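Below are structures written as structure tokens.
Paired with subunit B in one complex and with subunit C in the other, subunit A is shared by the two complexes that follow.
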Partner chain A sequence: MKRLLFALFCLLSLTARASEPVATTADATESENFNPGEMILHHIGDSHEWHWFTLGETHVTTYLPVIAYRAGSGLSVFSSHELAEGKVHEGLKLEHEHLVSTDGAKVYDFSITKNVATLMIASALLLIVFISVARGYAKRGTAAPRGMQSFFEPLIIFIRDEVAKKSIGPKYERYMPYLLTVFFFIWFSNLLGLLPGGANLTGNIAVTLTLAAITLLITLFSSNKNYWAHIFATPGVPKPLLFIMIPVELIGVVVKPFSLMVRLFANITAGHIVTLSFISLIFIFRNIGIAPISIAFGLFIFFLELLVAILQAYIFTLLTAMYIGGAVEDHHDADYQIGGGDGAAPAQAH
Partner chain B sequence: MNIVTPEIGLIFWQVVIFLIVVLLLRAYAWKPILSSLKERESSIEGALRMADQAKLEMQQLQAGNEKLLAEARMERDRILKEATTMSNQFIEQAKTKATEEGARMIEQAREAIRNEKNAALAEVKNTAAQLSIDIAERILRRELTDQPAQQQLVDSYLKEVKLN
Partner chain C sequence: MASPVKPPDNPDNPDNRSDRLRTVARYSGIGMQMAATIGLSTWAGYSLDKHYQTNTPWFTLGLMLLGLFAALYNVIRAVSKGE
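Coming up: the complex of A and B.
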């Protein structure tokens, strides 16, 4: 049943993506040439309204609320319909999906954009799904899981046993809520991004930046003296070399979450770009004959993206757990490959 | 550059919403789920341990039963053996007693027979002596009626006395 649904989503996604450029080509033949780069960047970027599709001249769009703050004129809240097609409202207008003030003042844009709306949907979905799963446990107690509960239980156990216990060690329980939330948030958001009309939430640098920053903060706040000793007095390194080692280690502290941010962002964005590029081929060649090839490749990339969706969620969670594990570790045996490799039973007396 | 420039609005919403989601899920989802999982795992572990213990107890019980059975078997054998010996002894005793009794009875019978025989012999002797005396008396009575013959007999007796 789930596979069927995924296949359906996949088909819908392709047709939806294909239908959007149809309008563009119709416009293009009249006015300008089809620009795939611009179309793709528009699709993976954020926007103030949720444009579903265009039928002929009718745009089917959901207008989302604009919330902007300017030092001079305070908070302005209105529908993005007021800004549609370059209109100016309360001294604000959209320039390439970027909110600017007509008088040149700095605008702090807190609008509920397409990505924020998707973020809310993903969060609502997470809450609904996992609170109902938790209810299943409350109802059935220690009996065997059923339905949704049995679908998510192996994943939860996997995150707990293979990710948290092995990477963090005996103190893993404190970090379980964050790890589980981050895993399922990224996975759900990735899947929502693959739906037709879905926003590229986890392919947005602001989202991955926030998640990586939270990981960094958790790592720093749970770090013990061993962690800092390793940075400022790396064991086994001669004193003079510490002048080089300390900056390198400090850069490492920031680079780890930075890599988390870039990895998730790049993987999801790349998938979207590749899918859109294959679809664009039809309009670049202006030939319906290329469509089967485009669709075949698009389908292939789509299934790959389904895999990448859970894979990237797993990688983000695993690396987060490993960074936290490095910060809470009691001893440094693992660094020298002297035991401690098994995170499930580390930190025994030596 | 647009796609690699983070926007303040999205960061703000992401921080706010994500933290709320983490807190809500921690309270209403992860804690109950993880504690239920732990509970279930410990109950399964407990059940397995109990099954193992029951198995061990069963084995011990079986071993005990076998020991009891072996003991019972030994006891039975012992009793049987004792009974056989005892019965053999009884039979032996009875046999000896019977033999002795028979011998005694035969001896008694022999004794009786001997006594009877002796008595009979004595009677026969007496009767024979009586008869001979009677016969001798009668002969003598007839002989002594004749005087010379009596003198002659006395003389012969006297002669015999002289020789002694």
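Coming up: the complex of A and C.
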């Protein structure tokens, strides 16, 4: 994997260097020039319209609603078709996918963008699937599951037994709804992002930021006395050292969800970039010989991404459960190990 | 494969397999946290220096060292905690 990534890095930096001088000279002469960096960034970014594919000169695009609020002119709602190809509508225009006002006023953009639309689709899909699963339990009770229910039951049991019970302990039941929601939401969104024409929802840092912020809030609100005692009066630390230990512990509180946010964002975005880079090779070299290699590697990464989709959902859920578990547990083994003394014996028993 | 009783250290045992996955996730989380701690505190120091326009980047230096210490402390604590 490391070697593969290194090879890829070489390839990517090569193309970046190769395309740079071309861009300056070709800007005025031809628009046919293929810019892989721009294409990839466009693919992983958010946009106000949903571009599916282009056949020759025909673009197949779904125009999504633009909802913008400006302090002066109030709310404006219209189709993003009005803004296509740099047009100005109601004093608004798109600059690199950012909605800006022509008079320089601040724009609050509440548009249903591609990512927001995908978020809604993912939520609707979750609702449809899990309402049907829940109906199965209501109808059949503890009898053998059927249909969709029998596919999701092992996953739900896995999250309950292997993630929640082992990480949180006896109080796990309260957190099951959140853990299951976050697991299936991330998994479904990752898979939706892998569909042709799909949006890169979990590769958007705002989405992962929101998920991580919810995890942080749940951890903080379910924390007990032990958790805070550990932060503001770390056991086994002499009093004069506390002025340095308190910031260190507080950094730890923020960093845990921050690392959740970055991991999910980076993994999904990296997967998309790698797949697209392999496909781009065909257009960079303009050579039919390169196509089989490029497609084989692209396909390999794509299947790897199918695995990463569920793995990242699992890791996010597991680490969330561990952070919650750290906040609700009654005693800390670590206390004994750092403090030593009479507490060292029970720590050995674990 | 045929024997119904699996030895405890058999990787085919589903309990062990999920525990191993769990360990992988846990340690990868610790590594990620270490990187994030140093990165986040350095960034905070850098932006504080920019905001106060200091001649010597004391905030960057101080917060970076604090972040380094915090990262090491958290790693040591997390790995010595065990399960």
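The working rule: the second predicted complex is superposed on the first by the 302 of 350 C-alpha atoms of A that agree within 3 Å, B and C clash if a C-alpha of one lies under 4 Å from a C-alpha of the other, contacts with A are read in each partner's own complex, and residues count from 1 in each chain.
As a convention for this text, a contact is a pair of C-beta atoms (placed from the backbone, for glycine too) under 8 Å apart; a residue touches a chain by one contact, two chains touch by 3 or more.
Quantities reported herein were computed from a predicted structural model and do not represent experimental measurements.
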Report the partner of subunit A that touches more of its residues: subunit B or subunit C.
B
A:205 contacts which: subunit B (first), subunit C (second), both, neither?
first
Which superposed partner A:96 touches (first subunit B, second subunit C, both, neither)
first
Which partner does A:59 contact after superposing on A: first (subunit B), second (subunit C), both, neither?
neither
Give one of first, second, both or neither to describe whether A:119 is in contact with subunit B, with subunit C, with both, or with none.
first
Taking the superposition as given, does A:251 touch the first partner, subunit B, the second, subunit C, both, or neither?
second
May I ask you to decide whether A:318 touches subunit B, subunit C, both, or neither, giving the answer as first, second, both or neither?
second
Classify the contacts of A:259 with the two partner chains as first (subunit B alone), second (subunit C alone), both, or neither.
second
Could you tell me if A:51 is touching subunit B, subunit C, both of them or neither one (first, second, both, neither)?
neither
Can you pull the subunit A residues that subunit B and subunit C both touch?
none
Please give the residue numbers of subunit A that touch subunit C in the complex, ascending.
158, 162, 166, 244, 247-248, 251-252, 254-256, 258-259, 262-263, 314-315, 318-319, 322, 332-334, 337-338, 350
Subunit C residues touching subunit A - in the complex, by the definition given at the top:
18, 21-22, 25-26, 28-29, 32-33, 35-37, 40-41, 66-67, 69-70, 73-74, 77, 80-83
Under the definition above, what is the set of subunit B residues touching subunit A in their complex?
2-15, 17-18, 20-22, 24-26, 28-34, 36-37, 39-40, 43
Applying the document's contact rule, which stretches of subunit A touch subunit B when the two form their complex?
41, 44-46, 67, 96, 98, 108-113, 115-116, 119-120, 123, 126-127, 130-131, 133-134, 137-138, 141-142, 153, 156-157, 160, 173, 176-178, 180-181, 185, 204-207, 209-211, 214, 265, 269
